[in-house]
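First chain A sits with chain B, and in the next complex the same chain sits with chain C.
And then the complex of A and B:
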């Protein structure tokens, strides 16, 4: 049996989460379930991003007593995807907040969380 | 029919993802750009935490834009959550009492959460942490306060004022960077200090603290908008 490297396993997990989230968005009509689907996709993208930055045997890119500045480049993981992931998490939170506000508004105007209620107000 | 189309899309996407995973080879060394960041963060910025170096110096313009996104979300929530007709009055039934455990727990935990948030923000250039993470911790403390005291009033106007003032200061530091250092938001306007000292890394601890306060205030405003 082949042994997969850890970043491949992580990447497959992330892509799996994205697919589960997308299935939730496409197959459900309840807005809250769709928002949970978007949240899953968010987490999946973050995991895939971090997985692309992994370097075999690498450690966190923070110079301290255990990691001297000299051999840092040989021992750390790629810091760029990590920084991008911090950004992605914050934006994901912002998007979730706006989606939840729309869900509250849908419930207040239509009295339901079913996305099909919006069909009547088209145009 | 709709479910069939959805399954077809998912299957296609799964195929693409499968190809990506199959062709992924774990690199044994850093890419040249990443290696350059790791070297430059230590040598140019004296910032041991390379991720903070990237977020607060090389990509700090992005960070500023991201804070603007948070601000726009806080503003748009006010618009979206406006009361509409009869349904807009919010919860009519009285709020439930949170209970003795939550209330006592809040009294012990609230100062500790704020202290921990301040610690994470202030040590962002030295160890794992930074403005975003610390700001989120501060907002979690505010959320605990809201759960423990459902009737507690949060002064949104004061938070908004604080947030705006901090934002102006952040941009002012950025413009100082344009005048005295390499460009907008260049942190090398203050002495670099020695690597690993608490007071080091130029203006990064300063901008990090401003960012933490701003993120904490913005998230608190967002929470408060959902509560009311």
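And then the complex of A and C:
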């Protein structure tokens, strides 16, 4: 049996989540469901990013007694994608919050969350 | 001082003031409003100075400022760069952000969240400009996005909430795509430093990196709102508060466009796709703009178009390796859009609610009217603003690269943009006393005036940079501006007298050109001044009258004196704009004014396109370089000739002339018809001169037939008019046809004739329009059948009209005879018999319509009581008398004109003819076609008698006057308005096409998301197809 490295599994999961999220955004008419779709896409992108930094058999990038500075480049998982991902998660959170805020306002003004109802401007 | 400032304000200050200020604002909010407002102003100003001062340092030192962070060098840490490009864009954005914060003050005031977001957003834009790290770019992109999302909450209407939701969703997808792309590129390269990516871009062809590059590009393009994936942005432009829409449209987009420009070298395989997408967006957004009623949405379409133009310029210039042209073209277009679009959005708010189609009586608020005109002129790429120079340079480069299709797209899109923006301006100008303008508070007026001033300064800077800031080209604007300023203090006849004296003095002071321009210059200056004298008859001329008259006449003088294509185009556009504003003075003339401007722009764009082809061929932009003896020059020459013919009212595109000349104020009609039309004729002569000297291409026969068709068509249509001014307008068209015909002879005799008719027509049409202005003043009607029996009441007017009609009719002994004789003899001499016969018919038609005008004035019982009538005002009569003297001089002392004409035309021009500048009589005796001339006249007489007889017997005898004046000389079916129908059909077709294209904007947010996704897939596909 072929053993997939964790990064491959992560990549597949990440891209799978992105596609599921995208499907949610494009197929659901309810704004809240669409926002959940965006959340799934966000998570998917985060997983893909983390997966890009994975090194098979690598350890945490903390230089201490077990890991000398000389070995670091060969043995550690790339920390940069993780750092990027943390930033992206924070940003994703803020964006989701804004979207939810607008959804609330939308519901207050329109009494519906159907995206098809938002067609005052057109042409 | 500079050292202190540069120590205090460094690029990092942008982030310190932005983020630090952002954190402090909630605390200041607790302390009270004065603290909050003062703090915000301080932070925003500090941020702006942190870009302005370093910009000065970079300008002084010529070295970019490199900013390293975290004590490490890239790619280990993020670095920022503040070079000339970054500094110039960031500083412009920040200055405009300050102005827009002021304009948005009624929404920002007291709202600490909005103030915070505004500050952070501005900082984010700067970050996008300065950063050299791809992930950092993503972070700043998100800061800009989230700031935008928050500020969109300022719009509280139903539609605004909807628009914000759609905007958020679409841009979230775009940013996610960017993030994914960044991750993939990092995976492939191991770093995200933009400089290293650019240096190692050959390595980005590997599959993972290539996908990353495609995703990154997809996001950048999406943020620049390409067709059709831009519906989400349009809704926001429409519904957001105007100053906020302005901020998003110009400032936030600036960050995007800079990021795009920065990363563009990563996308060499995509240049074709980028160019095509931008061209499509520019064309379609301006097309759809035609169908917009909401000012915000209209400006949104215009903004999207302008962004596409920037993208197009970037892609094309990069593709052809003309990076050195990028700063001027792209930064010029950018600044132009930044300032003028910001101004337009804010102004749209200041005009009050209502669509772009409603009449607002904007004339009651001259300040706003001037600002609106100025911003519209700027955004349409007309002089003297930066967009004009940038567009010229862009078109020249496109021509060098052989991108004719793109030139057509750029010019067509610009034309459409001018159409809907000027239509908005003119509709707003239409009188309506019921429209209430909201008060324009100082916090709105100050930014507007500042934006206008910055536009003018940057326009002047462009003029200096391109070397076009010569006394000749600057004189019209300088004099116009001075007179407009003086007009605030002095009014009426005093200002008129000062204007005339200044024009005369400036015309005298400008260097006198040699050759053909040397003939036109004094002729048009003198003619223009004499006709302008009639303007003094008005008690209360419009505010625009005298400044614009000065611009008009002096720009016309500039057209005759310039040396390069750019200067010519500049002066040419000044003439068109000045004439346009003079026409708009009458409320009834607003629609004709729009038509006038549209056709003027068509003409100008044809000239530009043609010239660009020739300049690319010859490698020089000097006008003297136009004589290219090569078949490849034909398209360029034909385009230029077409432009001049549109402006010369050739049959077909002539429709603008009768409308504009008939509806313009009296003395403006005289000026346009007698003087301004000669500019196009000069162009044809000068261009033809170059062609002849170059040899080769011969299109003269076709040109001759165009001229003759115009003469015949104009005469027939003049005949069908019942309105005196329209009759004269069509008559002008007919006479212009004669001049074109004469020029087409491309020989010595033809050209002497052309110049002769130019002078003749100027004198005659000046008299006739002024005389008709006097008659209209007294009788109150332009209708021929409303006049009658004026010989007693207005003897002097009738006398001048008689002389003018005789002079024009080509009857001996007046000068028109000489012209006709010369023309017919030259035609026969050249063997163009068909044209000679057509010329004879045209002569007859000309006689007939002039007879109608004459009959309407002098014959029959007056409908209005002569007791009420009096002679025209002296100030209308004096110019007529002066022009009559001119006719006399040319009739009895022909040598005064013929001598210089002969001297001006190249002596070795036409070898078959010996021209000695003798008096007309001597020439008549020496040349045989005298019998032809007499035969033509005789035939005309016979025809006239026959026609009269038919007319008299065909109806109950109501007298000769009834036949001549009241009856329609031609049945309606014989004169179908084909040209008008054709153009109206085109106009409708454009509107229908716009309706078709805008169906894609259904308002459904999910459809918009699918289009966004589809666009990204298209980018990806383009990368797969493109040859690597």
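Note that the second predicted complex is superposed on the first by the 117 of 123 C-alpha atoms of A that agree within 3 Å, B and C clash if a C-alpha of one lies under 4 Å from a C-alpha of the other, contacts with A are read in each partner's own complex, and residues count from 1 in each chain.
Quick note on the criterion: a residue touches a chain if its C-beta (ideal position, glycine included) is under 8 Å from a C-beta of that chain, and two chains touch if they have at least 3 such contacts.
Note that the coordinates shown come from a computational prediction; the quantities given were computed from them, not determined experimentally.
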Chain A superposed: clash or fit between chain B and chain C?
clash
A:34 contacts which: chain B (first), chain C (second), both, neither?
second
Go through the superposed model and pick first if A:102 touches only chain B, second if only chain C, both, or neither.
both
Partner touching more residues of chain A, chain B vs chain C, is chain B
Looking at A:82, would you say it contacts chain B, chain C, both, or neither? Reply first, second, both or neither.
first
Is A:91 touching the first partner chain B, the second partner chain C, both, or neither of them?
both
Quick one: is A:19 in contact with chain B, with chain C, with both, or with neither? Answer first, second, both or neither.
first
Go through the superposed model and pick first if A:115 touches only chain B, second if only chain C, both, or neither.
second
Which segment, 4-12, 22-30 or 544-552, is the chain C region that clashes with chain B in the superposed model?
22-30
Check: chain A residues flagged as touching chain B and also chain C 18, 22, 26, 52, 80, 87, 91, 94, 98, 101-102, 105, 109
Which residues, counting only chain C, touch chain A once they are in their complex?
135, 138-139, 142, 145-146, 149-150, 153, 158-159, 161-166, 168-169, 172-173, 175-176, 179-180, 182-184, 186-187, 234-235, 238-239, 288, 291-292, 297, 998-999, 1001-1006, 1009-1010, 1013
Hey, which residues of chain A end up touching chain C in the complex?
18, 22, 25-26, 29, 31, 34, 38, 41-42, 45, 48-49, 52, 80-81, 84, 87-88, 91, 94-95, 98-99, 101-103, 105-106, 109-110, 115-116, 118-123
Touching residues on chain B, where the partner in the complex is chain A:
3, 6, 9-10, 13-14, 17, 20-21, 24, 26-31, 33-35, 37-39, 41-42, 48-51, 53-55, 59, 62-63, 66, 69-70, 73, 76-77, 80-81, 84-85, 87-88, 126-128, 130, 132-133, 195-196, 215, 219, 222, 225-226
List of chain A residues in touch with chain B within their complex
5-8, 11-12, 15, 18-19, 22-23, 26-27, 52-56, 60-64, 69, 72-74, 76, 78-80, 82-83, 86-87, 89-91, 93-94, 97-98, 100-102, 104-105, 107-109, 111
